Amino acid sequence: MDTNISFTLKVWRQKGPNEKGHFDTFEMKDIPGDTSFLEMLDILNEQLIEDGKEPFVFDHDCREGICGMCSLYINGHPHGPAQGATTCQLYMRRFHDGDVITVEPWRSAAFPVIRDCMVDRSAFDKIIAAGGYTSVRTGQAQDANAILIPKDAADEAMDCATCIGCGACVAACKNGSAMLFVSSKVSQLALLPQGRPEAAKRAKAMVMKMEELGFGNCTNTRACEAECPKNESIANIARLNREFIKAKLAD
Amino acid sequence: MANQIDSRIPEGPLAEKWTNYKAHQKLVNPANKRKLDIIVVGTGLAGASAAASLGEMGFHVINFCIQDSPRRAHSIAAQGGINAAKNYQNDGDSVYRLFYDTIKGGDYRAREANVYRLAEVSANIIDQCVAQGVPFAREYGGMLANRSFGGVQVCRTFYAKGQTGQQLLLGAYSSLMKEVNNGTVELHTRTEVEDIVVIDGRCRGVIAKNLVTGKLERYGAHAVCLATGGYGNTYFLSTNAMGCNCTAAVQAYRKGAYFANPCFVQIHPTCIPVHGDKQSKLTLMSESLRNDGRIWVPKNLEDAKKLQRGEIKGRDIPEEDRDYYLERRYPAFGNLVPRDVASRAAKERTDAGYGVNNTGLAVFLDFSEAFQRLGRKRVDERYGNLFDMYQEITDVDPHENPMMIFPAIHYTMGGLWVDYELQTSIKGLFALGECNFSDHGANRLGASALMQGLSDGYFVIPYTMQNYLSDQIQVPHIDTKAPEFDAAEKAVQAEIDRIYNIKGDESVDHIHKKLYHIMWDYVGMARNEAGLKKALAMLKDIRKEFNEHVRIPGDKEGLNVELDKAIHLRDFITMGELIAYDALERKESCGGHFREESQTEEGEAKRDDENFMYVACWQYQGSDEVAPTLLKEPLDYQYIKVQVRNYKK
Amino acid sequence: MWLINSPIGRKVVMSVTGICLILFLTFHCCMNVAAFFSASAYNTVCEFLGSNWYAVLGTLGLAFLAVCHIVYAFILTAQNRRARGDERYAVTDRRPEVSWASQNMLVLGLIILIGLFLHLYNFWGHMMFAELAGVSVAHDPADGFAWIQDTFANPVFSILYLVWLCAIWFHLSHGFWSAMQTLGFSGKIWLKRWQMIGIVYVTVLMGVFAFLILSFWLGFAPSYSSAL
């Protein structure tokens, strides 16, 4: 059976992108271990509302680890101490009585803070818009089995496609690089025959868009991979490098 | 068409209706398309695919989503798969069979022509998605793999691991972003549609709230598509995402769109049970668990009491004292009965006091027999990731102790009434995906929601929209300074002011949880006349409580999450009433709707085809306080023989 | 120009220059091994690489590579700091999968640079530079062996050189596989292989250097006694 814990919670408060932020500290009492981290924040917010204060703002939606909306940097890790899990999949039994839990937003120049720990990740959409697709017209596709795809390639593409676009890779990276995100999409489509015709164009366009939006350069620290809630591999980054260099050399 | 429901089904034999429609419909020429604006609300499977397809055709599309990115719409959470009548497995599947299964699974409450069209275009969906780079599971030979799903005799479900919804949505999202890049789609994220604007009987725009700045914005268009999903969050605890709401749909209903079959709500049998009053949402465990897991409760009430007090664990109860109630009641289908049947059976047992957790609201899903039969390794290969997920959430290892599950609200078959062209009863307002009353009748089969969303967005609306717009090419861009826009914006602002200024003493969630208890207790899995009447009375009190006691902290201007939640709750209360009215009116048991007055001697659902074979369309009467009126669209089955669903033999 | 404009292009420059410098180190190491066995053999090499036009050209090329590597390192670091934003995390924690070296390449690089200046002063300044500039120094500029003996007889220099080698080891323990990753010669399997190859290679290389330093410091190199 789970036991209740009490701890100190420090959360980042910031009114807007250009305002100065600060930490607010709260003492949380008797939180059951089977409470999820976000439910714990719900409890905090109920308390704040009751006291007539403004609730703590953070992004969240599906609360089952697939939408990629939740984005809290907890005790030095994007999505908290658990590996291979999003913030919403983190349960309080991971923490101990008397802990100090520090909650911060994703910090990256390309992800400006909107309010408290809610950040603007529209840069990711812009990168996808630059080339993260196949140009196929609705209704004009050939039969789905017309091109056979080896199971290994399909499985590998599926692993790449598992990325939920949460931005933990950027948050974890000391360089604020989005290479794991970009490479996962490029890899997914590069591995499938349907994505090959535009592969070179795609790699170039997405990488240059990433550059334009102010993301940093990858220095292969592997922090992104270690923190990715979906365990995306930096083998994707190698593949992106390959695709990009090949494309540039062919120009 | 005041009191007459015209579903505008094309003439001709069932199998040729859609072909005929497409052959004879009116089109818009390319030069005119770019002069026409279309608003699409929502970026789930239906919304994203519609916006992408319409944009690609050359229309100017304005697309909204409430999340920070279109990729986060809740379609992403669908796990199992997507059905399509491809017959790749050579097991005798066909368009007709998919059509038949869907109608039968929906307990004969869906429209034949719509469902047939759905089955017909299902195959194209798979082609489209594969071309987009959706990595569906494949066999070693490189062909697409299929799995089977409840309620059918063929293997027609395509899947991408346990994340099919995610992969299909990302496919649609990528197409959408391609059009955003091309400039044909104008995307507004973190923007919520608060009202539609009707000018001269046609829907001509929306009033949207920018959720970051808090400002109201006006958008005009020649037509509006709502793809805003279902209303499951009326029940507070559901498998829906936290942000899912029915505000746009309810606003459309208030503006005159009929709301159809609201009482058809699907309850999913295999969710992780509620663990406390602080819980915010329910987590679904894949239905596939029922393939090898056996569902049971103790035979003896004393054992159940001990379980509830935590004195013993599931594994302590000997085999002979376990009641495998699904296998007992439904020998033919056993643990694989359809969702509604499994859910009700669980409720029946827990109501009788046999629940197995501290709240008494859970049953066991046990794999011990499967571990013995197949070995732990093989069972883990199939369900390992689900076991891990379960253990992470509950801290119980399913290898040691049986899992606990309980039914939860999952999907809503009801929705805005639409005709064959997906047009609501307001001209120029269309509804797609879960938002419309759909093709699922009274119960949806597994893996059909994704199919319907994409069918509507990719293959239906791009055609029917042109038919509607063909005589609109002379209409200039809609002027958002029109008095109708003024009035609509003023009304929305007035509502925001009203709610903000209540300055009461209860949080939004506090009131929403009260709504949950009413809905779940009286308008949940089993309903009866007395309970529904009681619920309607209580819902009136809830509205009163909301109007007098809700407290919105923070500023009215700018980002205010609580204010947005309050607007949603206002509409959930209205929706709750609508569900209750419909449930009260439909005195039969059918699909997801079970009336205790209408059951067989063995306690099975009893349909009443003579009196209730219709689509219930509810019309708003000018105020939330006034009961809506019912219009009926009769269902006429010409191609299918209506039968009783029987899962016993 | 993608080698300047694109993030991957810039990293390609880092990788290629880095690999070239590793190759130079390998060559340098081989040369030094000669000093362990025979003073005259080493001096022959020194003479060959003295103020001849090809050696000067080679040195200039090498200097160019080093300058590119260093300049790009500063550009990348500046860009990366900017990408990180103005606000820093209050709490940071490193996962075991993330190597310390990978996050401190610039610091390691700066230590190496300081060591390089020392090294240039000790040897190149007294040898090729002296020859080119015509400055007179304590030993014959072509008598490299004498300079080795002088330098490592001083324990301060020996210890500084050993510290320097440690910094290079850490720098290359990440740098080698990272270069392969950047050039795209990597994947789930090859990543592990490159890491292993890199560690072994760099350890052998630095081990030999360290061994040579110790042999001259403590005086057990065969060439040491014969030269006396």
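Note that the chains are named A, B and C in the order they appear, and that numbering of residues resets to 1 at the start of each chain.
Here is the rule we go by: contacts are C-beta pairs under 8 Å (C-beta built on N, C-alpha and C of every residue); 3 or more make two chains touch, one makes a residue touch a chain.
If you're wondering where the values come from, they're calculated on a predicted model, not measured in any experiment.
Taken together, the touching pairs link the chains end to end in a line with two free ends.
The chain with its Cα centre farthest from the Cα centre of subunit C is B.
Ranking A-C and A-B by contacting C-beta pairs places A-B first.
Averaged C-alpha coordinates put the centre of subunit B at 63 Å from the centre of subunit C.
Averaged C-alpha coordinates give centres for subunit A and subunit C that are 38 Å from one another.
Each chain gets one centre point, the mean of its Cα atoms, and the points for subunit A and subunit B are 27 Å apart. Against subunit A, in their complex, subunit C makes its touches with residues 2, 5-12, 76, 79-80, 82-95, 97-99, 102-103, 105, 174, 177-178, 181-188, 190-191. Subunit A meets subunit C in the complex at residues 10, 21, 23, 73, 75-77, 83, 102, 104, 107-111, 174-177, 179, 207-208, 210-211, 214-223, 225-227, 233-235, 237-246, 248.
Remark: subunit A residues 1-2, 32-36, 38-39, 42-43, 46, 48-50, 52-55, 57, 59-64, 66-69, 85, 89, 91, 93, 114-115, 118, 120-122, 124-125, 128-130, 132-139, 141-145, 148-151, 154-155, 157-158, 161-162, 164-165, 188-189, 192, 194-195 touch subunit B in the complex.
Looking at the complex, you find that subunit B touches subunit A at residues 49, 52-53, 56-57, 67-72, 74, 76-77, 86, 88, 124, 126-144, 160-161, 163, 165-167, 170, 173-175, 177-178, 180-181, 187, 189, 212, 241-243, 275-276, 278-281, 283-284, 310, 392-395, 458-459, 462, 507, 509-510, 551, 553-554, 559, 561-562.
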